[in-house]
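Read through the structure below, which is laid out as structure tokens, and then see the notes.
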Amino acid sequence: MNKKRFFTFFLFICLLSALYARKPKAADTGYPKSIVALSPSAAEILFTIGAGDQVSAVSEFTDFPPEAKAKPVVGGFDGKTLSLETIMSFKPDLVYLTERMHNFLIATLESNGIAYYVSKGDSIASVEREILEVGKITGHDKEAKKVVDGMEKKLSKVAEAKKGTGAVKVYWEVWNAPYMSVGPSSFIHDVIKAAGGENIFADLTDAYPMVSEESIIARKPALILIPMSTGMEASAVGLRNGWSDIPAVKNGKVFVVDDNVYTRPGPRIADVVVELSALLTK
Amino acid sequence: MNETTADFNVSNLNATYNKTQILRNINLSLIPGEFVCLCGPNGAGKSTLLSVMAGVPDAKLKVTGDIRFIRGPRSLSLSKGSKPPQTSRTIDISTIPRRDLARTIAYLQQNEYSEWDFTVHDYILQGRYAYTRYGHYTADDHSIVDGVLADLKLTQFNKRNIHSLSGGEFQKVRLARALAQTPRFLLLDEPASNLDYVYEPHLMQLLRDTVHKKNLGVLAAVHDINLAARFADKILLLPPASAISDGAKKSVLFGSPSDIMNTDNLKYTFGVEFECKEIKSFQSLQ
Amino acid sequence: MKRDIFWKIISPILLVISVILALMLGAEKVSLAAVFGQGDKFENIILWQLRLPRVLLVLITGLLLGGSGAVFQLFFRNPLAEPGIMGISSGATLGAVIASIVPGFMALTGKGGVGAYISPVNLCAFAGALIAGLFVTSLAFSRGGKSSSVMLLLCGTALGTLYSSLSSMLLLTCNKELHSIYTWILGSFNGRGWNELLFILLPSAVSIILMFIVSRPLDLLTGGEKSAAALGVEVDKLRILVLLCGALAVSAGVCAGGTIGFVGLIAPHIVRKFLGPRARTLVPFSMLFGATLLLLSDTFARIIIAPGELPAGIITSILGVPFFLALCLGGRK
């Protein structure tokens, strides 16, 4: 490439950046340099694949990896306190958002010609897909591939180990007053499945249904998982009226797990599956 | 009821509402067996006077003065267990508990409707509340209600729903409830205000008869001074507080109709010219 | 007269039937025989450890809401009155929201202690309702006991709006997806049991006793407070008792089932239509009817999408309102 061409190309890029990319989807005029990540999983993915210095702002509760914590915060990740103005103040060329919580931003982003990426995060497969896509968009496809390969290795090891054994019935308790669990459309359902478990409420449609206490007992879960964020202690579960005959309680298989990591659709989910499968077979 | 009964006495009564004087220096005495009509222009404070005497003044009203029953605690029917009255021969009504007061004074506001649709019987029965223990009505209470219905010729209305009554009928039922309290004194605020022309003299006659039959002391605010002159034993003329300069003139004019009702007094009370004629006999209106 | 007696007999029968239905029906199958003592181990757990305490809770809450609704409608001479209007329900919600959000509180959930623990959300809701209620009641004392009921209603409503706004604001800024609190606000008995029952026993008992005490003079308020006073009622004292009764009823109710609407409004109206307005019938039968209504709603909520559950508060609104409209439009006075 001779100097003239290079210079023209460089000018072209400058002009385009100055005018804002008009295309809504991932820009083809170079990799984004000012990414605003609107969820902790988005930030985690970006940093894991090496795109950390392309990130200009993250959402609240972003805590992994530690470098991500140092970035400026743009607002809460559930969307209720996000303001487009704050997002814009970081002059983003890519907004990395979550379908469920940030859908409402899409129309405005489009009309302002800002590129965005929508994360689905509803299954492990979609997370892997996402990592690869984001890798392509940010110019880190090689690292992204490495990350996904690493995840796949761990996941297949678990799948291999549990071949031939039946699925272990699992109850994931979102809350206890009222009792709320998870349905098949939730991310954690997929994680449980991948680890060799079977969500006892796989027959419900809601993502976070309120469930009958009778059914929890009747479905005899062999493992009960309590998210750490509820503050509940594992020992308290067994003291509940009528719960003492549940297999999980009888065998002491009630565990408190870090839901911050367990429900985050990001690269560490493979480690979660490994840990979970260990709990299942303990 | 005892034959020796107390007087209902008001002295030096002043009432102000937000710095406006409503009642100035009222002195009067209500005696059982007397039918007294209270007359005065609108805004003179008739309703205020009655509500203060009944012990239910408006919360924002500042009242000074003395309202008491004179001549003997024996003559008041006090409920069992209430504090023995002072040994002196007067009782300040502000010291009397509500229940006891309700046995002595019955008060009817000017316009009152009932939110809930009770039967006539149940509505009148409420007048007996002050005599009940724990709100339980006895057979005696029920028969008193029947008696009052009979006195006012309302027996056929016994089971009727009060919301189905006409204005005049309901007014009589209200009066019945007041009478069911078997009070010594009745304080009525324009009892004929909702009634037809034809009804008014009826009601006034009814009141007069009841007063004398049961030896009650009645103070009724009446709009029509002609009616008042015709039926009342005594007239109480109440000029507006603003019309009275301190000390100079009387704040109320009290006396029998023939004494009181002259052009001077009426002009003083109402502020307009009146013509007084004496009419010897009456015929009821068509 | 005959119609009166008919309804007086039928009401408790309806209640008993509702109780039996509530025990029999649910997400998991339990035979009728089990209700009468012949059940296997699993059925017994479901019936006596799960359903029974819940049924009792629902029953008591229904009694409280129905009765206090009647008391408030009579005292304030307003067919739209119910204790929630004093801002008490909003205070309960605020308490629950604070408990859900403030991180420290959640650590209390874990402290098992057999029979001694109640979710801090419910505890705080109870406290919130009680504080809101007592605060409004204290306003009744403020002018030497001579405050007006209208002023109290206005203050209560204004405060209620304040609490609601605070709740909304807290929920907005808390940044966690709190599905649970939204369900709580809609009113659900899921997950409540013996602990809550024991906890609310005392406030419920006091509230119900107060309901019976105030029934006596309540009729006399039909012509207004002045008129009642002239008939011998100590209106200021009555006002305080009424407010206290309502505050306790709602506080106990939210601890049991979150904020359940409409029961306190509808039950007295239904009873009044069949049994007349006299407080001495209206109050107790509103209690029975409120309990029946709530039991049926909760049972329905438990079976309609089993093994999932709907919040009972939704059912009372959805079923109660059209029924209520039909009643109103079906016979004007």
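Going in written order, the chains are labelled A, B and C, and every chain counts its residues from 1.
One rule holds in what follows: contacts are C-beta pairs under 8 Å (C-beta built on N, C-alpha and C of every residue); 3 or more make two chains touch, one makes a residue touch a chain.
None of these values were measured; they are calculated from a predicted model.
Participant: What kind of graph do the touching chains make: line, ring, star, complete, other?
Facilitator: line
Participant: Return the chain whose centre of C-alpha atoms lies at maximal distance from the corresponding centre of subunit B.
Facilitator: A
Participant: Which two chains does the highest number of contacting C-beta pairs join?
Facilitator: A-C
Participant: Of the chains shown, whose Cα centre falls closest to the middle of all protein Cα atoms?
Facilitator: Per-chain C-alpha centroids compared to the overall one single out C.
Participant: Averaging only over C-alpha atoms, locate the centres of subunit A and subunit B and give their separation in whole Å.
Facilitator: 80
Participant: Mind checking the centre-to-centre distance between subunit B and subunit C? Centres are C-alpha means, answer in whole Å.
Facilitator: Roughly 44 Å, centre to centre.
Participant: Return the distance between the CA-based centres of subunit A and subunit C, expressed in whole Å.
Facilitator: Going by mean C-alpha positions, subunit A sits 41 Å from subunit C.
Participant: Help me check something: in the complex, which residues belonging to subunit B touch subunit C?
Facilitator: 51, 54-56, 59, 97-99, 101-103, 105-107, 109, 112-119, 122-123, 126-127, 129-130, 132, 134-136, 163, 181
Participant: Provide the residue numbers of subunit A that touch subunit C in the complex, in ascending order.
Facilitator: 60-61, 76-78, 80-81, 174-180, 201, 203-204, 206, 208-215, 217-219, 229-233, 235-236, 239, 241-242, 245
Participant: How about subunit C: which of its residues touch subunit A in the complex?
Facilitator: 26-28, 41-42, 45-46, 49-51, 53, 105-112, 114, 117, 119, 121-122, 172-173, 175-177, 179-180, 183-184, 188, 190-194, 302, 306-311
Participant: Spell out the residues on subunit C that touch subunit B in their complex, using ranges where they run on.
Facilitator: It is residues 74, 77, 143, 146-148, 215-217, 219-224, 226-227, 229-234, 272, 276-278, 280, 333 of subunit C that touch subunit B.
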